[in-house]
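Heads up: the structure comes next, in structure tokens.
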Amino acid sequence: MPMPPKTYTLADLAERVGAQLIGDAEQRVHSVARLDRAEPDQLAFCTSDRYLDLLKDTRACAVLLREQHASHCPVSTLIVADPYFAYAELANLLHPRVQYARTVAESAVVDPTAQIGEDVYIGAAAVISAGAIIEPGCEVGPGAFVGRDAFVGAGSILAGQVYVGDQCHIGARAILHAGVVIGSDGFGFAPGKAGWKKVPQLGNVQVGDDVEIGANTTIDRGALEDTIIGDGVKLDNLVHIAHNVRIGPHTAIAGGTAIAGSTTIGARCVIAGQCAINGHIEICDEVTIMGMTGVANSIKEPGAYASGLPARAVQGWRRNVARVMKLDDLYARVRALEKQQRS
Amino acid sequence: MPMPPKTYTLADLAERVGAQLIGDAEQRVHSVARLDRAEPDQLAFCTSDRYLDLLKDTRACAVLLREQHASHCPVSTLIVADPYFAYAELANLLHPRVQYARTVAESAVVDPTAQIGEDVYIGAAAVISAGAIIEPGCEVGPGAFVGRDAFVGAGSILAGQVYVGDQCHIGARAILHAGVVIGSDGFGFAPGKAGWKKVPQLGNVQVGDDVEIGANTTIDRGALEDTIIGDGVKLDNLVHIAHNVRIGPHTAIAGGTAIAGSTTIGARCVIAGQCAINGHIEICDEVTIMGMTGVANSIKEPGAYASGLPARAVQGWRRNVARVMKLDDLYARVRALEKQQRS
Amino acid sequence: MPMPPKTYTLADLAERVGAQLIGDAEQRVHSVARLDRAEPDQLAFCTSDRYLDLLKDTRACAVLLREQHASHCPVSTLIVADPYFAYAELANLLHPRVQYARTVAESAVVDPTAQIGEDVYIGAAAVISAGAIIEPGCEVGPGAFVGRDAFVGAGSILAGQVYVGDQCHIGARAILHAGVVIGSDGFGFAPGKAGWKKVPQLGNVQVGDDVEIGANTTIDRGALEDTIIGDGVKLDNLVHIAHNVRIGPHTAIAGGTAIAGSTTIGARCVIAGQCAINGHIEICDEVTIMGMTGVANSIKEPGAYASGLPARAVQGWRRNVARVMKLDDLYARVRALEKQQRS
């Protein structure tokens, strides 16, 4: 990791996260590290009883932890209600993102009708199309593409090789990782005798504020309406969002999951990796979906949902599969037994 | 959506799709919209009884619909046998694709031995390699790559950041969305004592005419033969097509599905999202595969196929999983009951 | 496939793979081909009884095969213990990779502080950032990006549009196919009242020697530690490797599989396509995981593992699903029968 630029006293850090400090307020912290790897100028965190053994032996300068773990800590403590959240805050402080110089590369191609805000970085071979608006403080990485009349809100970061299609809207403070595609055509075709006829995809993609989108994830433009990604949504890598999908604020979706067309997902949902969510359904707020789950129908109650079977050694798995495939027969046999018993 | 360039009379539109027009033939239509959002200069469509409530209240200029729904329509009607197909035709007419200027960008790098047809757009920082042929009317987006001796048929559109490898062939009127990779090496390795030895991937990829390929989808080149994508095939986003796969004409495959090597898929199949199709199998024509299905063996009969279990609340799901894992035991118990009964 | 540059005698080829040659040592071979398509100047191979019919009719110049199949071969034979491995070696010899001219394209943007070794190709519009090291013999394709202080080992090939993030390390002789993203941020957020707070991803990605990575595959950088890909690992297309994952040497992972964060996978594992591997688990060496398997828990014994059910026609599948969903009820009924019997 690159060298952080400055150090902070424990008093500073405690104040920023509202922590109760036990230890030397003037000790200086340089960076963050794991409990078991931290050096004496580093800050660590402990979230759970599981790590008490590591906590006991830590060489960190100080540890963010809950009150109940403080007595196990051999070094300075910063007592907070939520150590992981406080860690996130202080890690952002100690390790600010290394910014690119706020310049437009010579080899970038910026249409004269595009509006580029102040303090913007545009990388080599990036392309900003006619009518596009790049608000102040944005980064557009090398080889990235911003389409005609597209909008990128203030302080957003488009990594290299990101593609934002024509007319699409990205909110403020978004982070789009390398290879993200926003605004490709939805998968819409009308069947006919001579094959599929393309249905024009006339909607756009509206991405809210504070959204992060993982590498090579794709979000299609809507057919007639827009595809909508709410504020604070977090999408992992290689996620597929089809046309007309709406995702509510602060929902997080892990890697490899696919959401079919016209489905609405509520706010504050957590969808694990490799799931398949059917099209034209609704999932309400605060639903958790476990990994590799297929969701065929709408979900109307908050809570956790799953499908699928866990891996087991192939021999046992083969036997199970055979059993499942003959369940009909088993039901019939049980019915026969019941009948005979009654007679 | 960008402003469509011109308007059409209902008489015009009816003639183009062979519709029976009931209403004012001289009314002018400007664009398409949903039944429930259409303004009085817009065209809507109604495909099913489910939308009769919306139809009743529509403010559209006219609605494409089937004869049996005409009496429910408060505005002009265009009666057709297949409203969705007719809609696709008229939407293409009313909303023609905004074309790029037919020029080669200054920063594009075109090898002097490449042949570029008339009326071709090549975007900024695109690369056309030695011996490549780009036929008339094509668009090659910013940052796209066309390899040595590759071929792109007339009227095809390669979005920005598309990659077409050496010697690969793309038919006419294809649409490749951003981030598509055609002609990466197949996943071929021979196991040896010191690890895997790469098997050279010497085949190419042959993509037929009228094919559409979704964002970040990948199609590997064949090992010794070519990977073949038939005419009219439609692939959604993030689909993986391995080496030597053959896909028959007019088959459609939805997002996130993976097809393993040397598998042959027939014509007019519909494969839903997140499926896994095994290698070295054959799927016949006109097979439908439902979402998240694993296909381990060849399919020889047309029809619909599925695997997998639907999502349910985690508590019930856990109990089911435990039950399935003990099916062996249940079979034994039923057998014991049957035996005792017979005795 | 492009014309191979030179021919070899059967004696040459036999010597290179330690084969016993039966036939004319001076015959010259030009290229490789399938048994059933080979011309009289081509080399074919036969690995199994299944291909004896093709072997019998082959027109190849010579065939690589096992001793037990030699009597079925109508042409010259090269007898080896492992025909597929020997084929891989000779195919590499007969079909050497067509190299790009060892030059830096005019439109490439190479930071003056980057170190570029001898004999390196850098394609059009590629970007090499400050402090990056590209060792001798590398190829960096058009539009590829190498981040600040990143390292690419000798003889590695980065195809067009590859993205290697800041500080990431790629070993020697690696092959990264088009659209690969190395070093995007891991999916790390701390939940808070106002939504998710980003946890800075401060680790890097370490890719070993002789690694091949398929098109559009993504590997995230670690949160505090590095994500580690061992020597000789082979990843197929559209694979997702989350932060802090460690993959042991010579493990192969097929297309569409996702590995969640902080999971450790052993050496010489084979993981098929579309699998979902849970986070924070360990899979030991020499584990085979079949296609579309969900792995929820650690695997401590080598061997083959699977989950999931095979596809069947929808009607039968629907009945099975209903049966599985009522297994609880069936268990209760069997228990009731047992109880009554005992009484």
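Chains here go by letter, A, B and C, matching the order in which they are written, and residues are numbered from 1 within each.
Quick note on the criterion: contacts are C-beta pairs under 8 Å (C-beta built on N, C-alpha and C of every residue); 3 or more make two chains touch, one makes a residue touch a chain.
Please read all numbers here as calculations on a predicted model, not as lab measurements.
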(request) Nearest 5 degrees is plenty: how much rotation brings the CA atoms of chain A onto those of chain C? (result) 120
(message) Validating interface symmetry: for the copies chain A and chain B, is the fraction of residue numbers used by both over half? Same or different.
(response) different
(request) Return the distance between the CA-based centres of chain A and chain B, expressed in whole Å. (result) 26
(request) Scan chain C for residues touching two or more other chains and write them down. (result) 107, 125, 143, 161, 179, 216, 238, 256, 274, 308-310, 312, 324, 327, 330, 334, 337, 341
(request) Write out the stretch or stretches of chain C touching chain A in their complex. (result) 107, 109, 125, 127, 143, 145, 148-149, 161, 163, 165-167, 179, 181, 184-185, 187, 189-192, 195-200, 202-204, 216, 218, 220, 224-225, 238, 240, 242, 256, 258, 260, 274-276, 278, 289-290, 293-297, 299, 301, 303-310, 312, 319-320, 323-324, 327, 330, 333-334, 337, 340-341
(request) Spell out the part of chain C that touches chain B in their complex, as residue ranges. (result) 1-2, 32-34, 37, 82, 84-85, 87-89, 91-92, 95, 97-98, 105, 107, 123-125, 141-143, 159-161, 175, 177-179, 210, 212, 214-216, 231-232, 234, 236-238, 249-250, 252, 254-256, 272-274, 291-292, 308-314, 317-318, 321, 324-325, 327-328, 330-331, 334, 337-338, 341
